[in-house]
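The following pair of complexes shares a single chain, chain A, combined with chain B in the former and chain C in the latter.
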Partner chain A sequence: MNVLKEWIFTTDHKRVGILYLIGSLAAFAVAGIVAMLIRIEHTTIGPTITNNPHDYNVWLYFHGAAMILGFQIPVLTGYFANYCVPLMIGAKDVAFPRLNALSVWLFYAGIVLALATFVMPDPPDVLWTGYPPYSTITSGNTAFYTFTVLLIGFASILGGVNFLTTIAFMRAPGITWNKLNVFVWSIFAAFVLQLIFVPVLGSAVTLITFDKYLGTTFFDPTKGGDVLTYQNLFWFYSHPAVYVIFLPFIGIVYEILATFAKNRVFNYKMVVYGGFGGIVLLTGEVWVHHLYVSGMADWIRVGQMVTTLLISVPVGLVVIGLVGTLYKGAITFQTPMLYALGTLFLFLIGGLTGIPLAVASLTIHLSDTYYVVGHFHYVMAVAGTFAIFGGIYYYFPKMTGRMYNETVGKLGFWITFIGTNVVFWTMMDIGVKGMPRRYFDYAHFPQFEFAHQIMTVGALFIGLGFALAIFNWIHGALKGEKAPDNPWGSKSLEWTTATPPPSGNWKEIPKVAEDWHPYAYGNR
Partner chain B sequence: MRVNCRVRVIVGAAAIGISMLAAVVAQAAEAVRDPARGWDRLWFEVIVDITILGLLFAAVAAYFLIRYRRRDPGQEGSAPRLSPAMAVGWAIIPAFVFIADDFFLAGNGWQLWNNYREVPANRIEIQLESGMYSWDYTYPNGVRAQNELRVPAGKAVLLRMTSRDTIHSHFIPDFRVKEDSMPGRVTYMWFYPRQPGEHVVTCAEYCGIMHSYMVGKVIVMPEAEFSAWYEQEAARFAQAK
Partner chain C sequence: MSDHASIQQEHPQHWETSIWPLIMAVGILVALPLGFTFKFAYNQPLAAVLCLGVGVPLIIAAVAGWVNEAITGGEGLSAPAMGWFILAEAMIFVSFFASYWYMRLTAPDWPPGGTPELPVVLPLVMTTALVASSLTFHAGEVMLGRGDRGRFVAWLVVTMLLGSAFIGMSLYEWAHLFGQGFNFETNAYSTVFYTITGFHGAHVAVGLGIFLAMLVPALSRRTNDGFVRTAGVYWHFVDIVWLFVVSQVYYW
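Entry: the complex of A and B
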């Protein structure tokens, strides 16, 4: 009982991080099971496991909202940021530990609201996008959607205030801006985006609730409103949200690649200032590519086609940095490294298949088809999740003080990797041929039935692989061998603490040498 | 043997030349530039572009992974520190390569975009009101149709669209075109049905519980057959009034 109380009221950044991890993995597990239901439903044309399209639409809502708002953003900016940032910059804790505790409580409240979807009488069925007019006339409970978004969004704003302050003011002496881990930079950039853009999402979802329950008419054209206003507000946040996910997950991949290649990060300043900086500058000017077929004015559609294509410049620099980090390395292939390389591969496919979608005239055909679904699962959903799983494996010894099973880890990786490519490659293929997304029944596209069956089998592989990984962690945390302080031989600061790190992290604030660098491998 | 080979080359080249000429002539003869054909062409170009980029990155990464495996325990990487000039070069040169490719794609995309948005003057203009869950078409002479859009072959079809409830999106995969319809705004799209045939119309914007059942078809008829149908329907509607 005391232990439970200690955890709930903790202000230790590592424990707050682990709470974030447990909550977001729970959301991931439920949303993953829902994804399996969605896939199984498509095994045959017409109803398969439910007769009611409404059930299917609720699954779509939950899968999207929980994976993005309940899993990816919190695990990256909640768990990884909390656990790693203070350790990487040599701080004893974050700047505002109690604000940090409040943020994780709000997050749990959001998760509970999201899970209520499965027990309440009229669950939300508005997808994770919540477009009016549908969201204002549906019998589903749109208010639950709004409050889930607001709670998790507010938790994230608190995190933003906390981490920007921590990174700016709590670095140990000698750790200058140019000696920060790439991951710390990625968190800094991600939270700058969250602080700028989350309020816009908050206002958008609040306005739908006002429209639906209080009789305002922001999005009702018969009374002077405009339905497109919502889509602009929503995507003004939700495109940057893609980078709130992308930046930290690619930051983790950098840490893993540098450690397992025992190599300096290739062209650090290009990655941080050109890559991350470029993304932060451009990301607010590209949201209209989600509205290419929504009836916006032509000038802004072609204008943002150009800005969207230009995003390839900073992202390309980030990928060059990743590949370059392997150059003249001393590479080994443990489980975290496999996941990191898997991320690189999936992100390469996902990023490049985004280029046709940036071209407005090609999107006239591709928009709202399975091509889009395949693309964003490659680029963000599974690439991100591979990085997250790799990162959890990477910090597992530090966090638990024990080792996981390497064979099970690798097996889980390969099963998921194969399943992922089977599902999402097939998805892009039938998308180009015209399969629209968000379809309960595809009776007028019978030619795609076999492809759907292949994808269902692939999805079961993905589920099995991820389940193996989670089983591996639980087993390792309870029964694994004792881990040394620095099992991977990393030069980065977080590995210099005891394992697991005690409250306060170090007895004294660590002092770094003049020529210290988190990636100072080799002789030169 | 050698002569035979040369003859084959000449015949082959001539065949290619003639077919290219025929294609050019056919295109010139056709007054309407069909965006669907432009789409297929640009799609192919972009796929070639991204495949080359992807293979390049993947090949370099794969080579590094094999070449720079750790040989003995305790070995560390030996990548040299980049000189300032190299560091700047490695940022600026790739950036300009990407920018050049982006502008190339943007230029082509923009051209096709104009093609999609500039409707030929010789066209049939039909009003579309979408609703949960049907497509309701109204022809210039007042003829109405639900979920079945009959059009003449060889003439551009312009749809002026709005919606009476939620947002829908009129998607015709065969013609590579869709555009949302929504309350309070009028949007448009056009397509060019060149030959008689049937094509699926499907809803591409989540519009409610029965979204996936919101389906219709475009029936492209020979010109004469269409005129006959059109007049007959007009008469029927006049009678009903």
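Entry: the complex of A and C
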């Protein structure tokens, strides 16, 4: 009983982090099953497992909203930030432990609303974007969509306030800004973005609920409103949201790569200040590329094309840093490393296939096709999820005090990796050939039926691979061998505490040596 | 490794806990999303009232318990943290104002038909009250710095009276305009008018709630300098935003 109390009333950053992990993996599992339903539905032309297109809309809503708002953002800025940041900067906890606990429970409240989709009458059916006018006239319950976003968004803002204060004021003596782990920097940058942009999403979804239920006219053109206002507000957040996901997941990949290559981070200052800083500065000026086909003046289109292409410069710095970290490293290929390298591969494909989408003239052809779906799954969805899975494997020994099974881990990786490329490469291929996205029934495009069947098989591979990983964690946490304090031989501070870390992390605040650096692996 | 284990067995670890964050999250979930949805999406006013009846007391209890726990420990970093929070708050107002400017600048004529004459004097009185309340709060903060708890409480009460007067005038004005047929659904101007003034008014109300949570322990001689300074930063922010609201929505 006491143990249960110490978990659900906990204010300890590690336990709050694990609560985030459990909630977001639950969202991931349900949203993943829904993705399988979507794929199986497309196995044949016409209805396959449901006759009701409305069900299909609800699935698309839940898959998108839960994967982004319920899984990727919370697991990265909730679980990883909570678990690792205080350990990496040598703090005993975050600046506001109670506020941290409030964040995680608000996140759970949001998850409860999202999962209610499957039991309530008239669930939301507005995709994860909630575009008006559909979202303000549908019989679906748009209010639940709004409140899901608001609860998780508010949790995120509180988390941002907490972590920016923690990183700025609670670093152990001797850990200067230039000796922070790349992951800590990435969390800092991601939370700056969250604080600036989440409120805008919050306003946008609040205004659709006002329009739908209170009768205001923000998006009603007959009374002086404009639907494009919503699209602008929505993408003003939701493009930076991609970087809120990208920055922490690439931060995790940096940690894994440096540890398993036993190497310094290549061009540390350029990655942090040029790469992350450049992304933070530029990401608020590119959102209009989501609206290329919504109607706008040509000069805006050209301007946004330039800023969109320009952001590949800081992103390029970040990727060069990753490759440079591998250069002349003593690389070993444990499961976390495989996932990290998988992320690099998938992100490169996703990044390069994004360049045509930045070009306004090409987008007119590619917009609203499966090419877009394939692209953003590569660049954000699966690249991010691979980094997340690698990170969970990486911190698994520290977190549970036990080891996972290496063979099952690698098997899971390869199955997922193959499935991923089968599904999303095929998706981009048929997208270029004209397969439109979000269609319940593709009777007008019978030539793509075989491709859809291949993708369904690939999706089952992805599901099997992820299921193996989750099974591996549950089994390892219960039955695995005892893990040593620092199984990977990392130089970073979080591995110097006991395994699993006790309450308060350290007996006293750690003191680092003058020449200490989280990536000081000797001169290579 | 075995060393750690043996230490832990001899001295069972004490994990920090607090019940109030969970209570507050449950209260927020029940009161706002469920209350709103029952009333407006499913048209079940009774269930909505029930949700408010359960949720609001939970939130109040959580605030009281939380303050009670935190007021003795100095959470010394809360003032800089409030700076980050204000960045987020400011962005909400920026997006509302951006929607308003976009609607207004693309409208063929402004104000759109159906807009009554807005009062001119009342907003000035409201502005005076709110600006004065910022000054009185600052006076209270200075008194607390000198260790004079009695004068601090007095200035805090004056601040709360001024804030309540502001909300009262705002509600009176809303009722007045509703009476003239200017409601949420009238036109684009009514939409932004009620959204922006309502959202700002909600911030004033939250500020009054914070002051109340500060006043009750102060009466039994328990104060926390960090708490007072943080609340002050928030209150001055709400005050400054009002200057934008009043100049953009009333006098432009």
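Please note the rule applied: the second predicted complex is superposed on the first by the 522 of 524 C-alpha atoms of A that agree within 3 Å, B and C clash if a C-alpha of one lies under 4 Å from a C-alpha of the other, contacts with A are read in each partner's own complex, and residues count from 1 in each chain.
Heads up, the rule we're going with is that a residue touches a chain if its C-beta (ideal position, glycine included) is under 8 Å from a C-beta of that chain, and two chains touch if they have at least 3 such contacts.
This is a predicted model, so every value here is computed, not measured.
Look at chain A after the overlay: chain B and chain C fit there side by side. By the touch criterion defined above, A:226 reaches both chain B and chain C. By the document's definition of touching, of the two partners only chain C reaches A:162; chain B does not. Once the two complexes are laid over each other on the shared chain, residue contacts for A:429 go to neither chain B nor chain C. Of the two partner chains placed around the shared chain by superposition, chain C is the only one that A:216 touches, whereas chain B remains out of contact. Of the two partner chains, chain C is the only one that A:498 touches; chain B does not reach it. Measuring from the middle, so to speak, at the Cα centre of chain A, the directions to chain B and chain C differ by 110 degrees in steps of 10.
Contacts of A:53 after superposition: chain B is touched, whereas chain C is not reached. Applying the stated contact rule after C-alpha superposition, one finds that A:113 touches chain C and leaves chain B untouched. In the superposed model, A:199 makes contact with chain C only, not with chain B. Figure legend note: chain B and chain C, brought together by superposition on chain A, show a least Cα distance of 12 Å. Overlap of the chain B and chain C interfaces on chain A comprises residues 225-226.
Chain A contributes residues 53-54, 57, 125, 127, 131, 133-134, 137-138, 221-222, 225-228, 261-264, 266-267, 269-270, 274, 293-295, 298, 301-302, 305-306, 309-310, 312-313, 316-317, 319-320, 323-332, 341, 344-345, 348-349, 352-353, 355-356, 358-362, 364-365, 367-369, 432-434, 436-445, 521-524 to its touches with chain B in the complex. Those residues of chain A that touch chain C in the shared complex are 5-6, 8-12, 15, 93, 95-99, 101-102, 105-106, 108-109, 112-113, 121-122, 141-144, 147, 150-151, 157, 160-162, 164-165, 168-170, 195-200, 202-204, 207, 209-210, 213-218, 223-226, 229, 232-233, 236, 482, 484-485, 498-499, 502-503. Within the complex formed with chain A, the residues of chain C that make contact are 1, 4, 8, 13-22, 24-26, 28-29, 32-33, 36-37, 40-42, 66, 69-70, 75, 77-78, 80-82, 84-85, 87-89, 91-92, 94-96, 98-99, 102-103, 106-107, 112, 183-185, 187-191, 194-195. Considering their complex, residues 35, 38-39, 42-43, 46-47, 49-50, 53-54, 57-58, 60-61, 64-65, 68-71, 75-82, 87, 90-91, 94-95, 98-99, 101-103, 105-106, 108-110, 112-113, 115-117, 165-167, 169, 171, 173-174, 176-185, 187, 200, 202-213, 215 of chain B touch chain A.
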